[in-house]
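The structure follows.
Labels run A, B, C and D following the written order; every chain starts at residue 1.
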Amino acid sequence: MTDERKPRVAVHKFSSCDGCQLAFLNLGPDLLRLAELVEIVHFAEAGPSNPDADVDIAFIEGSVSTPDERERLRRIRAHSGFLVTIGACATSGGLQALRNLRDSESEWREAIYARPEYIDSLAHATAIREHARVDLELWGCPVDGRQVLAAVRALLFGVPPVEERDKVCLECKRHQTVCVMVARGEPCMGPVTRTGCGALCPRFGRDCYACYGPAEGANTTSLAHRFEGLGLAPEAVARRFHFIHSGQEPFTGAGNEAAGIIPGKAR
Amino acid sequence: MTDPYLPREAEILERVDEAGSIFSLRLALTDPRARADYAFAPGQFNMVYLFGVGEVPISVVRLRGEDADFAHTIRPVGRVTRAMAELRAGDRLGIRGPFGRGWPLELAEGGDVVVITGGLGCAPAVTVVHHVLANRERFGRLVIMQGVKHSDDLIWAEQYARWREAPDTRVLLAADQARPGWTGQQGLITTLFDQAEFDRGRATVMMCGPEPMMVASARRLVDDGVEAGRIWLSMERNMQCAAGHCGHCQFGPRFVCRDGPVFHYPEVAGLLGVRGF
Amino acid sequence: MSIYGFLHRSALKQLPECLNEAGYRCIGPRVREGAVTFGELTSIDDLPRGVGDEQRPAHYRLGEREDERLFAWAVGPQGLKSWLFTPRETLWRSRRDDDGRLYFETGSPADDRPLAAIGVRACDLAALRLQDAHFLEREPDPGYRKRRAGLFLVAVDCTHPAETCFCHSTGDGPACESGFDLALHELDDGFIVHAGSEAGERVAARLPLLPVGEEQEAARRDQQRAAIDAQQRALPGRNLRDALFANLDHERWQAVAERCLSCANCTSVCPTCFCHSHEEVPDLDGRTSEHLRQWDSCFTEGHSYIHGIVIRAETPERYRQWLTHKLGSWHDQYGRSGCVGCGRCITWCPVGIDLTEEATVICAEAGDD
Amino acid sequence: MSERRIRIETPALTRVEGEGRLDVDIRGDRIHRLHLDIFEPPRYFEKFLEGRHYSEVPDTVARICGICPVAYQMSAVQALESAFGIRPSPWVEAMRRVFYCGEWIQSHALHIHLLAAPDFLGFDDVMAMAREHPATVNRGLSLQGLGNALIALFGARSVHPVGARVGGFHHAPTPAEVAALVERLEAAIPEAEALVRWTAELPLPDEAQEFTSVALRHEREYPMVAGRIVSSAGLDVAAEAFDEHMQERHEPHSTALFAAIDGEPYLVGPLARLNLNRDRLPAAVAAVLSETGIGFPSANMYHSVVARAVEILFAVREARDLLAGYREPDSPWVAASPRAGDAAGATEAPRGLLWHRYRTDDAGLIRHARIVPPTSQNQARIEQDLHAALRAGGLDRPDDALRRHAETVIRNYDPCISCATHFIDLRVERGS
């Protein structure tokens, strides 16, 4: 790896809030070190613009929500070696996938835009994997800088990064945080949510709202039941699952079930 | 007190490409004192550390040449082992070990030795064959049985051919599915047992490979009159520390890293093959 | 050990002072985030005075008491475990130079000052013995050993067990029998103190102890009796190994798994659980790297992963692994059950799964088969 | 050649947050058409909020913008608290300012060093600039890091922080954590002062334009989380009344709406704030500003970068002062009892005035939401500026020079396109 050419890296943006790109822009001195280790060929927010260049690693922020984006993604996939999605929007559609749950996109368009005919968007905001092969998904809204750097480092070593799939609870306990569900009755999503953030919310005395998406083996049915036991109304339970990762199973289904959207399973 | 977690540096003296993608690394510890102290028994394993990537358990073998302290034969399957496949002579690794309990080679002396392996090559068993062949006079007949899913999966055909030529040695191969021209048996490994000639009362059986294969073989051997107490097998479980602390390798009450990886069949018979253990 | 006397509550403040003078840093129970947890004690005022607790499956709340008692609560979510077997620690660091040579050094040196823990309960002492057996006996763990060597234990008898406690049925409490340096038994106006080691005697000798009166003795006996009587839960036996392994196909495993979140809260709060995983954390520049260990659990997928398969992919298998290990194969490994009856896994399970109940159902039919 | 039509169309504007494009049609010496296209797809946040519980609003609106989530959270909690008639404690009010200071420092430092400075010094990006000006870039990165740390102190992380709630904060930092940050703030003061001087010495173009500044104004404080909305043209209204004066219009070429007051474009952001509130700067900050010799109010749009540096200095000192003598409160929040209501909230995001309005029902569910972010308020102003700036610089310059000039002008506003697109994707119908 020493005197070979530096790996080429691109950071692309789709529909998003730009927050995950900050995982790079907030790196501080590591950003400059990173720029020594790799050649950043495309990263519009930081300067270099070269969207169609061939790269070894492409990071993608944002979900696909317009025909243009679908086409752009196709080109990026064709030009990229290892493709990594960063953040909730790219991995599950993110918060804007809430629009997928109702057939209301056009209705909303009319409510917000005086001239809705100017707006050209797809009915759904969807994850990158629905349109292109993805080699690694980094979850989190926003993605964690530590995870992004670990992924870069692993790829520089020529190995796939380790995926973190455990539940937030395990990390919460490693921090010796007092469980907010047991000690305060908060409807914490930690038991079904993927680790990676460092259990920030419980450590700040509040319930996790699942910004890292579903963990492996998430038992949403049992947790939804427990939330009812804590006094949450069915719609409130549904909103717990239909939030940042409403587009990702088993959250989509758990929310639907709580809201009684699936006929037969409705309460 | 020595720190059981601290690896020691080893240099790759030679890299040998074996069959398929399998490769071997012949290694020497770089610290002379560590070298002098290092001794292993066939069936034991090392924790092998690739800088910045991770650590994996790999059986220790000896491979030609006096210069190396030991060798590892590795099949690239995942993160760490695939990255190890890129290593060349002169590269460095971290080594902890050897760990665990090896094969009961002394106990086996004086009787027949049956080696049963399955799947894609089996480093721990190769050491047994080498040991028996190197100390031929101390053992009776040597029977080597290897089963594969498909005849194309058989690797090291030349090695089996070589062993076949060794004195008082029988090599039997079986494939569940065979391509035309396959000279071995077609079927599960247990179909070889009728052809295998060895003293059911005094032979020592050593196995490694997929657990269903080991369960089937052990049960059949016991039915055939082999005493369960003369059957040994090598197991694999996730291992992180190799010191009996991390808990990952537990198999019922056993810690595979320190109570095994080679087990006496009666020790593990109860749970072997039970889903979830 | 001969020192045995009464310490007035107002004189307890001398205990941390004596310990500090003897070179210990003190930890003890404090109220943090709505629970009693161990933390640095700067003075006796940090202790939870007049605090009581209410525990049920998946439920924990603190409340106020009428009296001034400092230890009138049952164990919180955390035992001694995190202080000895730390949730995350560096095992080694490595460096690779330009020629590819590797250099290794042992992990972060622990805080070397000896630690005194005040307020340790009988179940925690029992758990400590089990952790000692695991981490010290065969292959001593360097970090654990260092921290354990300096540990001074001030135990406190449990006078107010929680609804989730069942240490009497496991034989581990509620009174502290041995394994401590000093033990306290709290009464309305103070403590009966007795030393359990030479180090304990040295500290106790500096406390203004008074003779223990007959009435105080009687009060202590009554409290102990009441604490035992207050325990509502029990395991169906001290050794459930054979019963559990005879029931590996029991339908209850599936039933409990429908509720179980496989979240690892139970194993994390359990004072005897020891599983941990290793993690490699290289620097961005790829020149140095850290090898860490951190708490893991048999409820994770990674725990039973070997290439290509997860041996316990589903929750029934994971829950079964935990229970058959905790109450079963622990007997083979360490000569007793791995459960000390602290009840933490019941209180802190977010869905309130109760192992005494599960074990009772699963083992009940053992005899019937 | 008298007839020249060029389209300055970068595939995407670089070094701005979000996706934008500029489309200019020059015919001879006339700008026939000039459009700042914001083509970030629509994100419908106001609709997502309908039916949500008020307690979910801070976590939702943060996601509108990763660069100024604090601003979104603060405008939202302010509106909701006012709808429910609750008043947070003085501790909360002070710590909210600290939290907000973190965002100003972070966002302004990021903009100055990573996005704007390379323009003024002729580098393609900060990585290139760092090779020649390592100390300057490191100073910027460390200020940015300090801002992030302040946000994380109250929010656990700097992007989409999790600590804010209606009524206060979920969690109060410990005195030890605060003390560590106070030390860093103290050490950053000379750095921030040096930054003000450094921006004042940048080779900034000297161009005066006429525009209306709009910002909050508070009786005593430099505006951040409270005040009336005022303009250099004499507007002076409560936040509640803002929508009576401001109109939003939808143009075909942008998914961001265009805002105007009485039909006229206006400017929000650091320059507008400083122009309207110079007298509210603490003496120590005002002194550093005076030394630079730049007079405010300023009609030179490029003085925005100086205004940003001044606000960094202000925020560093402000946070330090507010954290001095820090004590943990009994509770970092007051409970809210929801009720039916309708109220607005306005705070000063790094990029300017951020206005929210919510209608709630008696269960605390959101019935209606309206959000006006700074970038859509500035959008018309940016186009106005571009017209003037391109013409002043000469339309006969080569395409590349025009493009570079135009990008510099746009970047100077630090437009945050993701914010602006709580409404966006524009297919442009370009008639000839």
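Quick note on the criterion: a contact is a pair of C-beta atoms (placed from the backbone, for glycine too) under 8 Å apart; a residue touches a chain by one contact, two chains touch by 3 or more.
Keep in mind the model is a prediction, meaning the values are calculated, not measured.
Visitor: Minus subunit A, work out the clusters of chains still connected through touching contacts.
Guide: Without subunit A, and with every other chain where it sits, the touching chains cluster as B, C | D.
Visitor: Which chain has the mean of its C-alpha atoms lying nearest to the mean of all protein C-alpha atoms shown?
Guide: Nearest to the common C-alpha centre lies chain A.
Visitor: Going by the contact definition above, tell me which chain pair has the most C-beta pairs touching.
Guide: A-D
Visitor: Quick one: subunit B and subunit C, Cα centre-to-centre, how many Å?
Guide: Taking the mean C-alpha position of each chain, the two centres sit 40 Å apart.
Visitor: Averaging over Cα atoms per chain, report the distance between subunit C and subunit D in Å.
Guide: Distance between chain centres: 50 Å.
Visitor: As a quick test, compute the distance in whole Å between the mean CA positions of subunit B and subunit D.
Guide: That pair's centroid distance is 65 Å.
Visitor: Report the inter-chain centroid distance for subunit A and subunit D in whole angstrom, where each centroid is the mean of the CA atoms.
Guide: 25
Visitor: Residues of subunit C that contact two or more other chains, please.
Guide: Touching at least two other chains: 282, 286, 296, 302.
Visitor: At least two other chains touched by the same residue of subunit A: list those residues.
Guide: Only 153, 157, 162, 205 qualify.
Visitor: Specify, in ascending order, the residues of subunit D that touch 2 or more different other chains.
Guide: There are none in subunit D.
Visitor: Can you tell me, using the touch rule above, whether these chains form a line, ring, star, complete graph or other shape?
Guide: Topology of touching chains reads as other, fitting no named class.
Visitor: Give every touching pair of chains, nothing left out.
Guide: By the stated definition, chains touch in these pairs: A-B, A-C, A-D, B-C.
Visitor: Per the contact definition, I'd like the list of subunit A residues that touch subunit C in the complex.
Guide: Spelled out, the residues of subunit A in touch with subunit C are 1, 30, 33-34, 37, 149-150, 152-153, 156-157, 162, 165-167, 169-170, 173-179, 181-184, 188, 190-192, 205, 216-219, 221-223, 225-226.
Visitor: For subunit D, which residues count as touching subunit A in their complex?
Guide: 10-19, 39-48, 52-53, 56, 59-60, 63-67, 69, 106, 110, 114-115, 118, 124-128, 130, 137-138, 141-142, 144-145, 148, 156-160, 162-163, 165, 170-171, 249-250, 252-253, 255, 257, 416, 418, 422-423, 425-427, 429
Visitor: Please give the residue numbers of subunit A that touch subunit D in the complex, ascending.
Guide: 13, 15-23, 25-26, 28-29, 31-32, 35, 40, 44-49, 51, 65-66, 68-69, 94-96, 98-99, 104-105, 108-109, 111-115, 118-121, 125, 141-142, 197, 200-201, 203-206, 209, 211, 236, 239, 243-244
Visitor: Show me the residue ranges of subunit C that touch subunit B in the complex, using the header's touch definition.
Guide: 91-92, 94, 96, 100-107, 134-135, 138-142, 145, 245, 248, 274-278, 280, 282, 286, 289, 291, 293, 296, 298, 302-308, 311-312, 316-317, 320-321, 324-325, 329, 331-333
Visitor: Give the list of subunit C residues in touch with subunit A in this complex.
Guide: 32-35, 37, 58-61, 76-78, 82, 87-88, 258-265, 268-269, 279, 281-286, 294-297, 300-302, 313-315, 347-348, 350-351
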